[in-house]
Each structure stands twice: as C-alpha cells, then as structure tokens.
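Paired with subunit B in one complex and with subunit C in the other, subunit A is shared by the two complexes that follow.
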Partner chain A sequence: MEQILVNGLYLGAQYALIALGLTLIFSLMNVLNFAHGQMYVFGGFVTYTVVAQLGLPFIVGLLLSAVVLGVMGALIEKFLFRPVIARSKREESTMLLAAGIAFFLDAVILLLFGEKQRGIPKIVDGVFNWDFRIVIPYDRILIFVLAISAIVAFIMYMQYSKTGRAMRALAQDRVAAELMGVDVKYYSMIGFALGAMLAGLVGGLLVSITGINLGMGGPASIKAFMMIMIGGAGVISGAIAGGFILGMMESVGLTLLAVYGDITYLVIFVMLMIFLSIRPQGLMGKPWG
Partner chain B sequence: MRRRILLKSVAAGLLSLGLFSSAAMAANETLKIGFVGVTSGPAASWGISNQRSMETRAAWINETGGFKIGDKTYDIEIVAFDDQKDPKRAIAGMEKMAQEGIHYVVGPNVDDGAAAVRPVAEQNGIMYFPYAFPQSLYTAPASNAVLGMVANYQSGPAIYKYLKAEKGVKKVAFIAANESDPLSQRDGGVKAAKDLGLEVVSDSVTYQVDTTDFMPVLLPVLRTRPDLLVLSGVSPANAPQLIRSAREAGYEGIISTETAQDAQVLKEGAGKLANGFISVGGASTPEMASDMMREFVERYTKMFGEYNDESNTKVYALEYILETIKADPAGITDVEVFKKTMDTFEVANPYMNGDAKMKYVGTSSFGQKRQVAVPLVVNVYEDGEFKTLFVAEVD
Partner chain C sequence: MNTKKWLLTLVFLLIVLVGVPWAINASGRWDFYYTLTSVALLSIASAGVWLTFYIGRINIGQGAYTLIGGYASAILVTQLGVNFWLTLPLAGLACAIISVFIGLPILRLRGVYFAMVTLVLTEVARLTALALPITNGAKGIVSIPLPAELSLFGLTIIPDFATLENPKLAFYIAAVIMMVLCYAALYRIVNSRLGHLCRSLQQNEELSASIGVNTAYLRVIAYSISSFMGGVAGASFVSISQSIYPSTFQVVDSVNFMLNCFLGGLGYVLGPMLGTLMLYFGWDLLFTMGKYQLLIYSSLIILLIVLLPNGILSLPLFNKRGGGPK
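Here is the complex of A and B:
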C-alpha cells in the first residue's frame, strides 16, 4: 500500500504540473490548447539537447526549456490565437488552430530532433529502499520535490504578484477586467506564455526520468484534458486536484487490477463518464463556467 | 532596350534550363517503390528507419547512374505513406500505391496493418514486405507478402534455449504493451517457453503504449521473481524505461526482447542499467558488415544526421525487391513472375562479409519461400554498444 501511495503522489505531481498550464490557458482565453502535449515534448527535447548534446548542467536545460517554451507560447498567442479570436467568435476556430499547431509542432520536432526516444543521464544515482515496502529512485524523489516546488511557486505567483492578480481578474471576467484597466491583450499573451512555459518545464523535468519521444505529445494532452475535466476546467486548484486524483487512480489501478490485464484506464474512463454525468463542471468548476 | 535584352536572356536561360532538366530526367526511367508504415507516434522509429533506409539507398543508386534492369536503367523513387499505425490508414496507403501503379511496397510495420492491406495488395498485384509476424500472411493461399525480418517465433525459442542452457534460466515472466503485435508476440513467446520446459511465472501484465512511469506496471511482475523478464514486442521508445524501472526496483535477472533496438537509445534512456539486455540485432553487426554496409551507414548518417541500428535489417527489403526484379525483368510489372523468381533467386549479399547470400527462405515456418534471408543475430548490450551473443540461420 505504501508503494501505491508513493507512486500515486509521484505521478500526481507531474500530472498536476502538466494540467496547470493547460487550465491557465483555458481560463484566460477559453482556448482548448490541443498542442499542450507537443509543447511538453518540445520542452523535453530542449533539455535533452542542452544536457546530452551540449553537455551543460541539467538546471540550465530546465531553465532554457522554460524560456524557449515561454517565448514560443507568447509568439503563438500574439500571431496566431489573437488574430483568430479577434476575427472569429466561433470556438471551433481556436480548437482547429490548436490542433493545427499540434501537427505543426510534431513535424518540427521530427525535423529538429528526429524520431528516436531520447533521454539524459540520471541526475542522481541510487534508490531509496525501505525494506521493499517503498522502493523509489532518488532522482524521482528529486523530480517530485521540484514539481511540487514549481506548483507552489506558480500558486504564489498567481496569488501575490501584480501579473498574477491581473490574470486572475481576466479569468474571472474578461470584460470587467478590461473596464478596470487591465491590459487584456498583454496579460493574455503573458498567460499563454506562462502556460507553455509550464509545459516546457515539466517536459524538461521528465526527460531525466521517462525520456522523451515524438509520439508522447498526443497522449500527454489527453491525460491533461482528463485532469482538468476531473478538477474543473479553468480552475487552478482543480487542475492540481485532478492531477493528483488521476495519478493516484493510475497507481492503484496498475497494482490492484494488474491480474485482470490492462484495464486500469478502461476503469478510469468509465468512472470519469459516470462522474461527469453527475458533475459535468468537475470537482471545483462552476456550472456557469 | 537593356531591360528587353535582360528579359530575353532570362527567358532563354529558363528555357534552356528547362530543356536541360527534361533531357536529364529523360535519361533514366523512374521505378517507383512504395513504403506504407508508421512514421509518427510512439512507434515512429520503426517506420522512419524503414523509410530512411530506402531513401538513402535510392539516392545512392540514383547518384551512381541508376539501377540496371534488363536493357534499361532506372532511377529509384520512394513513395512513402504514413499509416500512423492505423489499419484503416494502411489500407488507404496501399490503395494510393495501387493508384500510382506501384507493384512493390515495403511495410506495414505492425500486425494489424499488414493483415488489413492484404486484400488491397492481392487485388492490385502488389508484393509487399511487412515487418509483421502473423503466419497467415506468408502461408498459402496468401502469396503476396514477404516477411522482411526474423519473426519472434523464430528468434524467441533460440534465445530461450540459449539462456536455459548457458545461464540456467528456469522461470520466465512476460510483459507486453496492450496492442496486437506485442500481445501476439507474448503469446508466441509463452508457448515457446513452455515447449522448452520453462516455468512461466507471469504472462498477464500489460501496459498502455503511452505509459510514462513503468514502476507501478512492473512491480507485480517482479514479485514473481523470474530469472528472465521478456519484454514482448517492446518498442525502442519503451525498452529503456522498462529496463531502467526493473533495475531500479531491484530486479537482477536477465532482460530480453525479440525486437530490434537501438544502442544509442538504450544508452541515453537506461545507461549502465541496460548492460546485459538481450535483443535481436540487425543483420549486419560490426564483425559481419561489408564495405558497402559501412558506406550505407555513412550515407544514411550524412542524409539524416544520425544512424538508426534498426536499419541494419531494414536496408535489405529494397535490395531484395530490386535484385529479384533484375533477375527477371518481366517482374517489374508482373508480380507472378516475381513470385516464380523468388523460388530460385540467389545472389551475393552485398552488405555482409564472406559468402553470405541474399535468397528467400521461410519454407519451414510458412511452407513457401516468403521471407528474406537475414541472419538471426542475437545481441547483448554492453556500455553503449551491441555485442554479438550468437548467430543462427532461419529456415
């Protein structure tokens, strides 16, 4: 049981970090960013290039992943989403644009980084083993701590910084925020950049554990959408809760249901359908949006 | 005036350039060879190594004047289609090949795709070279598919027998992705292990192909304390993570697979933890590789930046197609002629040292020659490179 909890917490921390960026973008711009998984993959490849190819320290790779994806996010918002949102009131326009960006990023990743699975050397050697009741490598503990630190830093930033307050105001009521003098265009761009930056950061973190490959983007996006559906779309605390719930469900399912074959995600999807039919706005979302 | 002269010069230049290009293109006819396989998603590495191997060899042939078949010389054009590992897309890809008048196709890479394209290939007179293992594809009445590699039911028993005799393996556990290929390979492996008298302690645990954390998946398997952990049909993307998680969880037994892997990917993903990992290697290990194979690797690396060890096997399909057509040029549009040629076809293997031959095999497994002859090379990974454990022959 201890091992299940530890696995669940570790998975939950990384999932929550993935979901945070997605829910931030959704809350600010009402955009379902289908390219979020590809951004995560791109971030992983940036860290891989910096650490494995250029031989620089992991922390440099991590910071560069965040910066590169932040800039990419800002450019995508300014030159792609902003004009589309200005010209079209139909929500599917932004959804199609996001899907197009996902395909585009897949192609760019293939061209720049190739088709192979990539990884970097272990950042910390050794395994914590408590009498085989809990077995967890030290690098996973480190990544867990870094992920939790990033989540806390993000919450503090949103709570106490001027930019964070402006973005929260934007998320609550875009028109009211604009009337109160919030520069909607600027903070939308910052929000999108921050969301993409979080995707890049988690990609950089996980390349040291799971490695990265071209095909990881789509499944990562699907899991991220599941998390924000569980927690409530556009709600920061909901994304965190959704991430930890999904991580824990996966850990429990993979251990207890293993004898029945690979039915963990089947069970999770069935539970999700039942849950959403009862509470379509998720755990912490509001029925009115 | 000067402007008019300039315009005339440009027009004349463009015209002559066009004429020159046409003349150059008219020098050789073009022979199109198709590829239908997966070049996107988690298994992209399998198909991309196929496609790039074909493109490298085609560019090499074209650069050196083309490929002579009968009294004509052809430039080789590779027409590629990404089936995204989706059988419906694979069918669409094979239909595209038929529409383009292509009679020879490499791929698909996986079982369900290869099975799905069979009717299209047979109706349109297409020979195809899948990297998929269902025996029904290669056994009569089927006759248009040619297995492009060594199947798991051919390599698995050889590996288990070796490990039982040499390493004292008694208990085996299998883990596979929840997809048709790995599952069928697992079932084949379980049967082979039981036939050899090995105890199968776990064969029901599967994982999603997009799993990122394998520790929870592996723990129930490792609790059965196997001497050998078989990663059935594992993709190069998942292999390093599975190995790493198993070792980090304290597993000290042997880990093996029957699929081809890439040493660099293992090195980056699992490092020293991958030492001792046994896989089926490419058909041209450093000891076996000829000068032509080394040049192929150089050209591939120059074209695409980095070589893929899986191409040691995937270099062969295009070579087999071209050389078999060359043996009887009527086969260029008539696959029935090609099939007849296959029965007696035998030429020197240009990618291997010694007197190795390119010929069709498979009579033992399929009752007819529907498999390319590549040696069964079983490798062990040690410190960033594969070392040959043993070599065997199929048929």
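Here is the complex of A and C:
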C-alpha cells in the first residue's frame, strides 16, 4: 500500500507540472493548448540531445529545454495566437490553430529527432529500500524533488513577483487589468512562454526515467486536459490538485484493477464524467470559467 | 430555396455523379474513388459536429459516435446477418439513443469544459471497444461482407455490391447520395424553427432560456441529430474498409472532424463539406512529398487559420450578396 501511495505521489508531481502550464495558458488567454503534449515531448528531446549526444550534464539539458520551449512559446503567442485572436469572430478558432501547431510540432520532432524511443543514462544509481515496503530508485526521488521544487518556485513566482501579480490580474479580468495599466500583450506572451517552459521542463525530467518518443504527445495532452477538468480550468491550485489526484488514481487503479485487464483509464474516465455532471466546474474552478 | 439554389444543387449533383467518375475514368486514377468516398462519408460526420457548433458547443467527441456506429453495424451484419442497408439507420439510431444519455449530463457544460469532456469521450469509446468481449478487443471485427442486395416487394432497389463489377464506383455513388441527403437535412434544420432556436442558444443561452426556450431539450435534440450523423458515417466507413478496430476512429479523427468545420467556416452549412474535402484530399495529394508531408500539411493549416480565421467560406468571393450562403 505504501508503495502505491509513493508511486502516486511521484506520478502526481509530474502531472501537476504539466497541468500547471496548460492551466496558465488557459487562464491568461482562454486558449486550450492542444500542442501542450507535443511541447512536452519536444522538451524531452532537447534534453536528450544535450545530455546523450553532446555529453553535457543533465542540469544543462534541463535548463536548455526550458529556455528553448520558453522562446518557442513566446514566438507562437506573438506571431500566431495574437493575430488570430484579434481577427476571428469566434474564440474557438484558436483551437484549430492549436491543433495545427500540434501537428506541426509532431512533424518537426519527426524530422529532427526521428520516431525512435530515446532515453538518457541514469543520473543517480541505486535504489532506496525501506524494509521492502517502499522500493524506489534514487533517480526517481531526485526527479520528484526537482518537480516539487519547480512547482513551489512557480507558485512563489506567481504569488510574489511583479510579473506573477500582473498575470494573476490578467487571469481575473482582462479588461480591468488593462485599465489598471497592465501591458496585456506583453504579459500574455510571457504567460504563454512560461506555460510552454513548464511543459519543456517536465519533458526534460521524464526523459531521464521513462524515455521519450514521438507518440507520447497526444496522450499527454489528454491526461493534462483531464487534470485541469478535475481541478477546474484556469486555477493554479486546481491544476496541482488535479495532477496529484490523477497520479494517485492511476497508481491505485493499475494495482487494484490489474486482475480485470487494462481498464484503469476506462474507470477513471467514467468517474470523471460522473464527477463533472455533478460539479461541472471541477474542484476549484469558477463556474463557466 | 429559390430557383438559383435548386440550379446550383443540380449542377453540383451533375459534377459529382457524372463529372467526377468521367474524370477518374479519363485519368486512370482509380484510387481517387476511395479518397472521395472517404471525403463524402467523413463530411457527414463533420456535418454533425457542425450542428453542435451551431448550438454553441465545441464537439471533439464525434469519433466516439462514428466508432459506436461502426461497431453497431459490424456486429449486426456479422453476427445477426442483418442487411447492411438496414443497419445504417439502426447504427445511427443506436448512437442517437446513447448520445441522449451521455448528452443529458455533459451538455450542461460549456466552452472548453464541454470540449475537453467530449475529447475524453472519444478515448472512453476506444477503451470500451478494447475491453468489451462483443467487440473482439484489439483484434477487431474483420472480413465484414460487402453490402447485400436491398429489395422491396421483389424489386431491387440497391444491387448486391459483391456482384457488381465496380464496387468502388457503387460505394462512391452511395456515399455521395448520402452526403447530399445529409446536407439537405442540415440545410432544412438550420432554416427551420429548430435552427433559429439553436442559433439563439449559440448567441446567449440564458437569454433564450429566459424567454421560454426549452434549452435543455434543444441541446439534447441537436446533439442526438449530430450523433446520428456520426453513427451513419461510421457504419458506412466500416462497410468500405470491411473491418473495424478500436483504433479505427481515435482522438485524432475527432480533432479532424472539428478542424473540418473550422476550416470550412462555422457560419456556413457547406463549411464542413468544403473543409473535409480540403483537409482529406489535401493530405492525400501531399503524399508525394514523402517525409515532409505532415510538415507541409500542418504549415498550410496554420497559414490558413492565420490568414482566414473565420473559415474559407468567409472569403469575399463566396459572399457577394452579403450574409453568406446560409
């Protein structure tokens, strides 16, 4: 049982980090970023290239992933989303753009990195073993700690920095924020870049454990959507809660439901549907946010 | 409908039923039959998605209904020996009934919440198909027979496809006729009282509820019509490929149905048809590009949406008289 809980926490920390980026982009711009999973895969491949092919330390790869994805996010916002949002009659048009970007990133990843499964050598060797009740490799603990500290850093940044305050104002009320002198365009770009950066960071973290391949993008996006539905779209605490809940459910489900075959996700989906019909805005979301 | 529109419809029918087969015969590109048949069928499913857009909901779950429809038809044909042409409306009905039960709770959601839940729905359908015994899991249902003869009082209405010398052409004609019927129905719905009510939902749900429109009922009606179209499209698609797997329709397909609507234009009945033609045919034509296929394809989509955020049919070329071809 302890093992299941630990696995759930470990998964949840990574999931929460993915969901944070998605929910940030959503809350700032009302854009459902279909390409989030692809951004995450891209981040993983950047770390792989830096660590496995150039032979640089893991932390350099991680930082580079974050930087590359951040720049990519900023460019995507400035040159693609901004003009489309300004000109389209219905807000939903951004979904087509996001899906187009998802396809585009898939194509770029395919051409740059190929379709093989890639991984990097273990960063730390050894296994933590507590009386065979909890067995967890040290590198997973390291990744867990890194993920948690990234989440904490993100929350601190949103809470106490000027940029964070501006972005929270933007998420609350775009027009009011603009009237109060917040540079809406600039902070939208920063927000999108930050969201993409988080995706890249998770990709970099995960490549050291599970490796990465081209096909992981789509399913990762779906999981991220589920997390922000559980927690409530556009709310930071909701994204974190959703990530940990999904991680825990997955971990528990894979153990308990294994005898019935591969139905964990089916059960989670059905539970989610029932949950949403009772509480449509998720745990912490604003109604119709 | 005025005379001009009837004439345009007639010209369109002549082109697709006589012109296209002639052109294919002349050029010898027989594979285009399959492509164009797929376009016709997928555009039926996209028409359903378009109808949910019409009530202001972003539907990324049509893949679930095409899958359900496909399995319903495949099971009826292979295990109960029902005639394929009979299973077509049955598959649609099955989807419509299921969609009422799914729609009642989830149609209360709006905006991205509804979009995300329907996206998840596609995944649910795929996983259910994998887990249920009747769908035969990952192995799927294969070697489904071609559509059998349909006769009424001894009179052959549709001949047995297996005895035809060119079943591809037959499938093409059948698909096109279905597509035309579907869009005629869609046009009729949009220009009826139901359509006007749906439009009021799209603009402001609270307001229309406050003046006495039964919004919950309308939403479910529109959603079940949409799912009916998805089911019919899925069932016919399965009979062409003669096989169905849980992965026949997945999230990507659901997203594509939605993209078709966006690309054609959400404000125009013919939008999804044009969008499907462009996306599917375009993808097929780009096949010669080899490994750059996806790159060029996605760049074109991005370019289109940046240049024409309201869809291709929003070009002034199509809107001379103003208001659009509604």
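Going forward, the second predicted complex is superposed on the first by the 287 of 289 C-alpha atoms of A that agree within 3 Å, B and C clash if a C-alpha of one lies under 4 Å from a C-alpha of the other, contacts with A are read in each partner's own complex, and residues count from 1 in each chain.
Basically, contacts are C-beta pairs under 8 Å (C-beta built on N, C-alpha and C of every residue); 3 or more make two chains touch, one makes a residue touch a chain.
The structure displayed is predicted, hence computed values, not measured ones.
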Subunit B versus subunit C as contact partner of A:D106, first or second or both or neither: both
Partner chain in contact with A:Y265 - subunit B first, subunit C second, else both or neither: both
First (subunit B), second (subunit C), both or neither touched by A:S65: neither
First, second, both or neither for A:L97, with subunit B first and subunit C second: second
Touching partner for A:E250 - first (subunit B), second (subunit C), both, neither: first
Touching partner for A:T47 - first (subunit B), second (subunit C), both, neither: neither
Which of subunit B and subunit C A:L32 touches, first, second, both or neither: second
Touched partner set for A:G218, first subunit B, second subunit C, both or neither: both
Common interface positions of subunit A, toward subunit B and toward subunit C: 106, 110, 218, 261-262, 265
Partner subunit A, residues of subunit C touching it in the complex: 53, 58, 102, 105-106, 108-113, 115-117, 119-121, 123-124, 127-128, 130-131, 251-252, 255, 258-259, 262-263, 266-267, 291-292, 294-295, 297-299, 301-302, 305-306, 309-310
Subunit C-touching residues of subunit A, taken from the complex the two chains share: 26, 30, 32, 34, 80, 83-84, 87-90, 92-93, 95-97, 99-101, 103-104, 106-108, 110-111, 218, 222, 225-226, 228-229, 233, 261-263, 265-266, 269-270, 272-274, 276-277, 280-281, 288
Subunit A residues touching subunit B - in the complex, by the definition given at the top: 3-4, 7, 10-11, 52, 106, 110, 114-122, 127, 129, 132, 135-137, 206, 209-211, 213-216, 218-220, 250-251, 254-255, 258-262, 264-265
Contacting residues of subunit B [partner subunit A, same complex]: 39-45, 48-49, 178, 204-208, 210, 212-213, 215-217, 219-220, 236-238, 240-241, 248-250, 262, 264-265, 268-271, 304-306, 308
